[in-house]
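Chain nomenclature is as follows: A, B, C and D, assigned in order of appearance, with residue numbering initiated at 1 for each chain independently.
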Amino acid sequence: PRRARFELHKRWQSVTSVDVIEDGQILGGAKKGLPEQTLLRWQESPRNVLLLMKRGSHDILQRVADITNFLQAREGVRVLVERQVKYDLLDSFDIHVAELYGARDRSHHAVDLVITLGGDGLLMHANWLFQKSAPIILPVNLGSLGFLLPFEYDDIYPTIERVLTQDVDLTLRMRLRCRIIRNETVVMDLVVMNDAVVERGSSPYLASLDCFCNGQYVTTVQADGLIIATPTGSTAYSMSAGGSMMHPGIQALLLTPICPHSLSFRPLVFPDSAVISLCMPLDVRSHAWVSFDGRFRHRLMDGDILEVSNSEYPLPTVTHRNVTADWFRALNKAFNFNMRTRQKPL
Amino acid sequence: PRRARFELHKRWQSVTSVDVIEDGQILGGAKKGLPEQTLLRWQESPRNVLLLMKRGSHDILQRVADITNFLQAREGVRVLVERQVKYDLLDSFDIHVAELYGARDRSHHAVDLVITLGGDGLLMHANWLFQKSAPIILPVNLGSLGFLLPFEYDDIYPTIERVLTQDVDLTLRMRLRCRIIRNETVVMDLVVMNDAVVERGSSPYLASLDCFCNGQYVTTVQADGLIIATPTGSTAYSMSAGGSMMHPGIQALLLTPICPHSLSFRPLVFPDSAVISLCMPLDVRSHAWVSFDGRFRHRLMDGDILEVSNSEYPLPTVTHRNVTADWFRALNKAFNFNMRTRQKPL
Amino acid sequence: PRRARFELHKRWQSVTSVDVIEDGQILGGAKKGLPEQTLLRWQESPRNVLLLMKRGSHDILQRVADITNFLQAREGVRVLVERQVKYDLLDSFDIHVAELYGARDRSHHAVDLVITLGGDGLLMHANWLFQKSAPIILPVNLGSLGFLLPFEYDDIYPTIERVLTQDVDLTLRMRLRCRIIRNETVVMDLVVMNDAVVERGSSPYLASLDCFCNGQYVTTVQADGLIIATPTGSTAYSMSAGGSMMHPGIQALLLTPICPHSLSFRPLVFPDSAVISLCMPLDVRSHAWVSFDGRFRHRLMDGDILEVSNSEYPLPTVTHRNVTADWFRALNKAFNFNMRTRQKPL
Amino acid sequence: PRRARFELHKRWQSVTSVDVIEDGQILGGAKKGLPEQTLLRWQESPRNVLLLMKRGSHDILQRVADITNFLQAREGVRVLVERQVKYDLLDSFDIHVAELYGARDRSHHAVDLVITLGGDGLLMHANWLFQKSAPIILPVNLGSLGFLLPFEYDDIYPTIERVLTQDVDLTLRMRLRCRIIRNETVVMDLVVMNDAVVERGSSPYLASLDCFCNGQYVTTVQADGLIIATPTGSTAYSMSAGGSMMHPGIQALLLTPICPHSLSFRPLVFPDSAVISLCMPLDVRSHAWVSFDGRFRHRLMDGDILEVSNSEYPLPTVTHRNVTADWFRALNKAFNFNMRTRQKPL
């Protein structure tokens, strides 16, 4: 089984390129440049649709069951879910669906479309499932704040219909590959959607981290912590720590310090070609922890190196035609961006 | 007369491309993507070298005379200067050189290399001279702070020798094309290296500016002003107003508000494909002025539109192999970036 | 004619003091300390009530006429207005009232109570009228945003009734005395409610201002400008420039830089005993302008000194019992302070 | 045994008060107001001098021994040290001194002067020893960064001589009393010099803390944490989190959020009369920890209340006549405050 064939139409201001994708793998990164708009055109009908939900709510299960019935009524479409959801659907609704099986990384699984029914966290879950090549993801907002979720449940049937049959607007969200290197061995290798965060945890002091860019020493971090974020992550933790807000279409790495000891450590932005290395000193009185998209918290040891670079596999999320409009709608909804009570005329 | 032929070797993480440039025009922008490193390889010997200096100091004129003699001793090299400097060299040193003539935009002039001998302002002057296709620029620091000037006068002869004969590392600095549109007519059309700044001047109020991205309304600016900056300009005025510091190798537009009235107007970063339009309201009690790289201050009228977008002609400046090292050296020298007195052990 | 006698009851956490005020002068400043709560108790009935309005709206004039009738129906109460309003009331409503006459500073005028009917600007106008000893001021919100206006027009009659007959809760708002000294002569002497702002206006550069505290050199300001604000002014311009928000009950001076060139110029707060002097250099290539509460813009000359210190006469504004509640209500209403869309449960 | 009698001369801009202190207790707080300058005049010779040092360095012990000999050579002066230092002096130098005994709070101990020989941490230790009424403290800088330490070891003998025999300039540093209330019982009661910090520790979420001022609800904190700091603490953790820098002579409470989720949670400053209460919600999925001056880390339980208010006992530290000069010297030394490389003229 393989993913359905499709073309990627990338439009720059004056140029359009068309890539025919045989193996369903969408590559990103510097080597392909940054198009203004990316459009997927199916060359074969998409067959395999993965439905993701957070378990625990009967209401959501009901909706998943409804969507499953809607999808399975279509010729040639197969629904997949995660193992537990499979049994939930069977027990509660007597619905039979396939199971997303496989090892930790489902990148090679023949999924053509992922639909997430929940909050931003579920999009992050999709990121964990597909650490390498990711299928396109339709993020549907289900009652949550949903910063990254431009599609509402109310319109879900026409939306799914459109995504399965027409051209699909995509945002190729840059991801970061994060590796912990200990004694010249890679002991952890993860791809994040938002950020990798090094912080002091409950220790009163963070170790002084030496920070390198492409092997070049740049500065030493004395702070509560340091956030290395994608543009998608710029509106997550990095924003709380004072970083700028970056359009999800940019390819760049943000380095945002958390409570730096120095008055002059302003947030930094590096090009996507940058490989950032944070080196734990060998003689630490203090400690450092690292977490990835707010999870997988992990203690860094003396001499450990955290290496962060652009992943070659972006996360292709379905968006409306106008990504910028989606972005500002989310900024306004979630953060009251630039909101101010207007003076009312007398 | 035309520019000398050369190749541009662009290196991404895993790919290298070679463009043979017949007409001396270096194009940039989204359509070509963002290489990690750009190298110029001469296919013909560069012939025409433009020396730029700020007039007024005999010391500097002396140095320009010395460099002129050094260059004119080379087979086939011709030195150009601006008109007044031509007469200064003639009067004080009896040196004959050619004059950079032509209309406001010298982009089609057959200059192969520009050497600026002064401060950052002189690099900005080179930007004004070549508003379209720009020759490569060697920025030499002469006594000033020199944030953008990685080359020192002390090493100038071997540096020039190297640039004329060997492969040249370049930073293709993104520029912004700024147009004022009044009654559907373009009344001003300029390319800036750092920023376009709209501000209230001595008026107590700035007009409420409606801000659009690619024709999409995004927000209304109520502030002392708004800065639209290149990554090169991120360490200029935008930094004072609280913007992040962006590596010069990134392609992006920064929107940094100056003293916004709202608590939640955080600096924004857009992709280089973004066309930003600021619209003056029709019924203004208040005023707005715009300036370009800190110059050409200009009053905006009711209904005026300031449109800012990526110029297709970057400013190719000569750098050391390691641009990031150059950048941090400048951050430390000019801004004491992240400097903090270390606790000395007893 | 003199102001009505009253007592000031000041309550600290464990101590209450009572001052009998014979001459109607409320003094503030360090010498009296900072009470948690200040209460005015009339010992004589207040007689003279000044109504302030911004001219131009017939609706407001109607309201002023109504209030005038209400007040003049009271035994022994006399209404005063500014000259033009006097004629407006006569022309439109055939109402006769007294006129607030006198020189620029009406501090010695026998006004017992000022009622402002408009926006924050009108409170500022009251500040200009009473540059020395100020009567108590009841700020009534009339259709404007009204950050400093805790009283609404809808309740105005019971509110006025209460202020004239019962104990009155006051906030003694600290004010700043600002003097421009040129060649050892005081050429301007003003008291502001919000701030004095030195800025570069339309000049590209601000002069480097040397900043002294109590005659002690503290730092040199290289910036677009510098704001010296009262706690009341902390939520005005200083807030836009990044300053902290200070409860109006504090006595302190804020120094908030506007777009400082240095990365490490954080806003500073000085005790109310501080006398801040800003000295213009003698050899200026650049310029500086100063304005007071956003008005009276004035060019600073070479060698000028702007001296700012706590005025001994605070501005006593009527508040509700709970000043902190008033303050946060205004922060929320005007600035969406700390507002964030809550995640709704599914 | 009691402390030596002295007078406190407090000088405001136009008034001086003299308090004769019989019991050696210096009170501060709102009830006494905020003098511009405070001077201690001995009415009896100070007798009991406590020397504080951090154990572990023979060099420092040597210096303590030297100072002990210097002091014990004076008629009527008695030296006290902490228990372990007493044995160190005996073992290494055969010097006999008295021991600071007693319960956790040595406030009633007859100490007239404390000399700290070390860094800022030792001043904090003095704060812990004297949680109620504190004797005057001479902070001597010993090799450390020493933000709060205006006196250098090189001048120590004339400095001590002066403090014992002449008028002493004091800064009455405001302190904060912090109480944890659980089920209406006070389970912790501490006085801090810098700050109380509530934070989420290694939990991914901080509980939403409801924040009250004098019993009035003001806002709900959603953040990594919240700092409640004294003006002395404004240049410690609060500064890293973005707070303003407050002159140590001010009396105020700072509320500085750490990485707030909202874009509009600006640091707040309250008057010293404010009692701030932070209430843990009853149904917490998340956690909160509190620490005091960076120590005594303590888990907060559901429903706990942290109540913070001005302590009536300030920390009287010896300063030079010009406190502001001391402060800016420290700002420059420790933080490169407002430092910027000047453009050198050519």
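Criterion: a residue touches a chain if its C-beta (ideal position, glycine included) is under 8 Å from a C-beta of that chain, and two chains touch if they have at least 3 such contacts.
Here the structure is a predicted model, which means the values were calculated and not measured.
K.L.:
Between chain pairs A-B and A-D, which one is joined by a greater number of C-beta pairs in contact?
P.N.:
When the contacts at A-B and A-D are counted, A-B has more.
K.L.:
With centres defined as the mean of C-alpha atoms, identify the chain lying farthest from subunit A.
P.N.:
C
K.L.:
Could you state the distance in Å from the CA-based centre of subunit A to that of subunit D?
P.N.:
For subunit A versus subunit D, the centre distance works out to 46 Å.
K.L.:
Can you give the whole-Å distance between the Cα centres of subunit A and subunit C?
P.N.:
Roughly 50 Å separates the two chain centres.
K.L.:
Taking the mean of the CA coordinates per chain, how far is subunit A from subunit B in Å?
P.N.:
Measuring from centre to centre gives 34 Å for this pair.
K.L.:
Could you pull out the residues of subunit B that touch at least 2 other chains?
P.N.:
In subunit B, residues 239, 260-264, 266, 335-337, 339-340 touch at least two other chains, as defined above.
K.L.:
Can you list the residues on subunit B that touch subunit C in the complex?
P.N.:
Those residues of subunit B that touch subunit C are 201-202, 204, 223-224, 237, 239-242, 258-264, 289, 291, 294, 297, 335-337.
K.L.:
Sort out for me which residues of subunit A touch subunit B in the complex.
P.N.:
Touch list, subunit A to subunit B: 12-15, 29-36, 213-214, 216, 218-222, 231, 234, 239, 243-247, 249-252, 254, 260-262, 264-274, 310, 322, 324-325, 328, 335-340.
K.L.:
For the complex, give me every residue of subunit A touching subunit C.
P.N.:
Per the stated touch rule, the residues are 57, 59-60, 119, 142-145, 262-264, 266, 333-336, 339-341, 343-346.
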